[in-house]
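Have a look at these structures, which come just after this line.
After this come two complexes, each holding chain A, first together with chain B and then together with chain C.
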Partner chain A sequence: MSIFGFLKRKKTAPKTEDTALDQGLLVFSSTSEVIRAEVLLQKAGVSVKVMGPPPEIQSGCDLVIVFPINRQKEVLQILTRQQLRPLEVVPVSGPLMKPVDLFRVKDFGRYLMVRAANMKLTVDKETRVIVNISGGGCPDVPFLAAQLVGCSLDQAPRPRDLGHTLCGYALELALQEMERQCWRW
Partner chain B sequence: MLAVVGTLPEEDFPLIMGTVELKGRELLLEGRQIPVTRGTAALLGAAGAALKILNKPPPLAFLVGDTGLGRGSQRLYEYVAQELGTHRLRVLAFHYILPQVDWHAQVYFALERLNPRPFLIADAGFMYVAKMSGLAPAYDLFTPDVGELAFLADEEAPHPFYTRGFILTQDDRVPELISRAYVHGNAARYLLVKGQTDYVADRQGIVATISEPQVEALEAVGGTGDTLTGMVAALINAGWEIVPAAVLAARANRLAGKLSGASPATSVAEIVEHIPLALKELLEGFRPDLEAG
Partner chain C sequence: MSELLDARGLSCPQPVLLTLEKLRSLSQGELVVLVDTDTSRENVIRAAASLGWQAKEVQAEGTDYRLTLKKA
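Right, the complex of A and B next:
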């Protein structure tokens, strides 16, 4: 079954507005748990963001969930009801605990590339057409690339609807960030 | 002969075994035209282009359609396990396939019965399952990128989902990750790690690095890792030793990108078109004894 099934019901996430010291990090053993937790918490109206773990956190997988620390009790109740238990809940206590942004943007002039984790999506700024998708070795990546390359951003199918893997999830994040970047053009 | 086992990104592409001819930006297989796009088609395109320059027969392909659900992959594992014994193969490269430990075991048992045993290359999904099965040392060459190397290096991770570094790549940790992959028996006899700098390594450590020519736009072009795997497979099939083959393939891949005048919108098919010229140029002055060190 696709790991994206639940994402299809996802509403636009409320923007995380807390300052860093008001935030906590949920650490999970696998990225699939992170993705499940993200959706559960968003559905419950909790403002969350998926990021990379700060290097000081040694446990867990490649992703953490940033959440408002003053809602910790409620957050843990929501997750526990769905048998999801984070390995750790860590307050963001200083600059060394700052989570890592998953995105990197590279401007090639006419083309803009957004890298989300290991997946890279490149768009022609003049036409808004996706011209390339690189990175990732998951089994659905060639299919996702074949479906998206050549499509305009407005008409591209969603990786969350087509993908089955972590690379597909990262590509969805890249597409969302590219759409966000587009508002600046 | 070089054989390639992999998938194409169409759910209804039938299971086909046959010789693949590269013609322009397409592969010809049993009357079908397959565009050279990222994935196994790019690997086959690069291998076909290289084999032609090396005066070797075109590759044999075991292909099936799979969009990531695994239905095609399962049929491919079963078919390959049955068919392997009927071919005399020098090199066998496994590529985009859904990782499934039980299915991998079927293929592995078939591989063990082959005599002589072909040189075994694994990349992408098949490399994941070789490691997940604890059988990585049975393979001769893995061709991971840095994220995939992090998975190989994590002795506890049963799946890439559980690996730190699989999607947040850390290029500066490559030597450490290579070492850890070997310490825990999760690497093939040789590794060709693909990235901004390419690394060739064995159990003793890094034996070569390749970082020139640097073509910045290639980072955006999907499929350039697949072409590198295809070229190294072709060179080994032509009788080259592993390390010089990996060094030459890495350089040729970069040079093909440069010769194509790659932009971020370049397709991998355009890179493949320039592989013959890149290989010819490099083969003229290449000294395996000097270049591999």
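Right, the complex of A and C next:
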């Protein structure tokens, strides 16, 4: 099973986020292509988000990129210049085409856990210190945990700078979502 | 005398969270934590270290682990 394989088992529409019909999905054959495309498009100033594929999409890997469909021509030019070609470009045309949110948030009282794909990050809400990192299965997860556990959110090193695997990428997503959740405290 | 925390059968991150709560209530001394996965063993030891507690002893007991955490 692929590293994000569990998404295949839980293809439900997101409960809290409506997907506008003016969005499109970029489907790639591998998650490494998704990560490359995300970086390229963000650098080019295109607003994108990595999510899980909707139930209707049967091809590609376990991640898709959501992008503004009115910028499709520009997006494809950016990707093509870097020899990145999506398997499909699909407009979000209805409920079954809604991408799946990668994040799950669980409140343990004093602690808050964010799961992004296959990685879990838990923070002490009172101190904002990272108390646990788990999940994955990649060889760099113990190293990432050793670097981040005990650090405050403000001072924690970025997993994207430390890790070189999909787990590192998922942990970076979890940290970003945790930082977003922090604004509510 | 050691305090005992049985965190077997709990999924991550609950063994870590229970351990942290217990360690905060004790401040110092000795705590024995029972866990049943390699991941929980490593995560509990790492979290305890972040509060200044050391894993004095790690004993495998069948498929479980008995972690003795200590802080002077």
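Keep in mind that, in the parts below, the second predicted complex is superposed on the first by the 166 of 185 C-alpha atoms of A that agree within 3 Å, B and C clash if a C-alpha of one lies under 4 Å from a C-alpha of the other, contacts with A are read in each partner's own complex, and residues count from 1 in each chain.
Convention: a contact is a pair of C-beta atoms (placed from the backbone, for glycine too) under 8 Å apart; a residue touches a chain by one contact, two chains touch by 3 or more.
Predicted model, so just to flag it, every value in this text is computed and none were measured.
Chain B and chain C, once both complexes are superposed via chain A, clash. Applying the stated contact rule after C-alpha superposition, one finds that A:Ala117 touches chain B and leaves chain C untouched. In the superposition on chain A, contact is made by A:Gly60 with chain B only, not with chain C.
When the two structures are aligned on the shared chain, A:Ser134 is found in touch with chain B and with chain C. Touched residues of chain A were counted for both chain B and chain C, and B has more of them. Touch criterion met: A:Phe108 reaches chain B and chain C at once. When both complexes are overlaid on chain A, the residue A:Pro142 reaches chain B and chain C alike.
When both complexes are overlaid on chain A, the residue A:Lys98 reaches neither chain B nor chain C.
In the superposition on chain A, A:Lys125 makes contact with neither chain B nor chain C. In this superposition on chain A, the options for chain B are 74-82, 218-226 or 236-244, and chain C clashes with just 218-226.
When the two complexes are laid over each other on chain A, chain A has residues 108, 110-111, 113, 120, 122, 124, 131-135, 142, 145-146, 149 in contact with both chain B and chain C.
Only residues 7-10, 37-41, 66-70, 73, 96-99, 123-125, 127-128, 144-145, 147-148, 159-169, 216-217, 219-225, 263-267 of chain B touch chain A when the two sit together in their complex.
Those residues of chain C that touch chain A in the complex are listed here as 12-14, 16-17, 20-21, 39, 42-43, 46-47, 49-50.
For chain A in complex with chain C, the touching residues are 108, 110-111, 113, 120, 122, 124, 129, 131-135, 142, 145-146, 149-150.
On chain A, the positions that touch chain B within their shared complex are 29-32, 52-53, 60-63, 100, 102, 106, 108, 110-111, 113, 117-120, 122, 124, 131-135, 137-146, 149, 162-168, 170.
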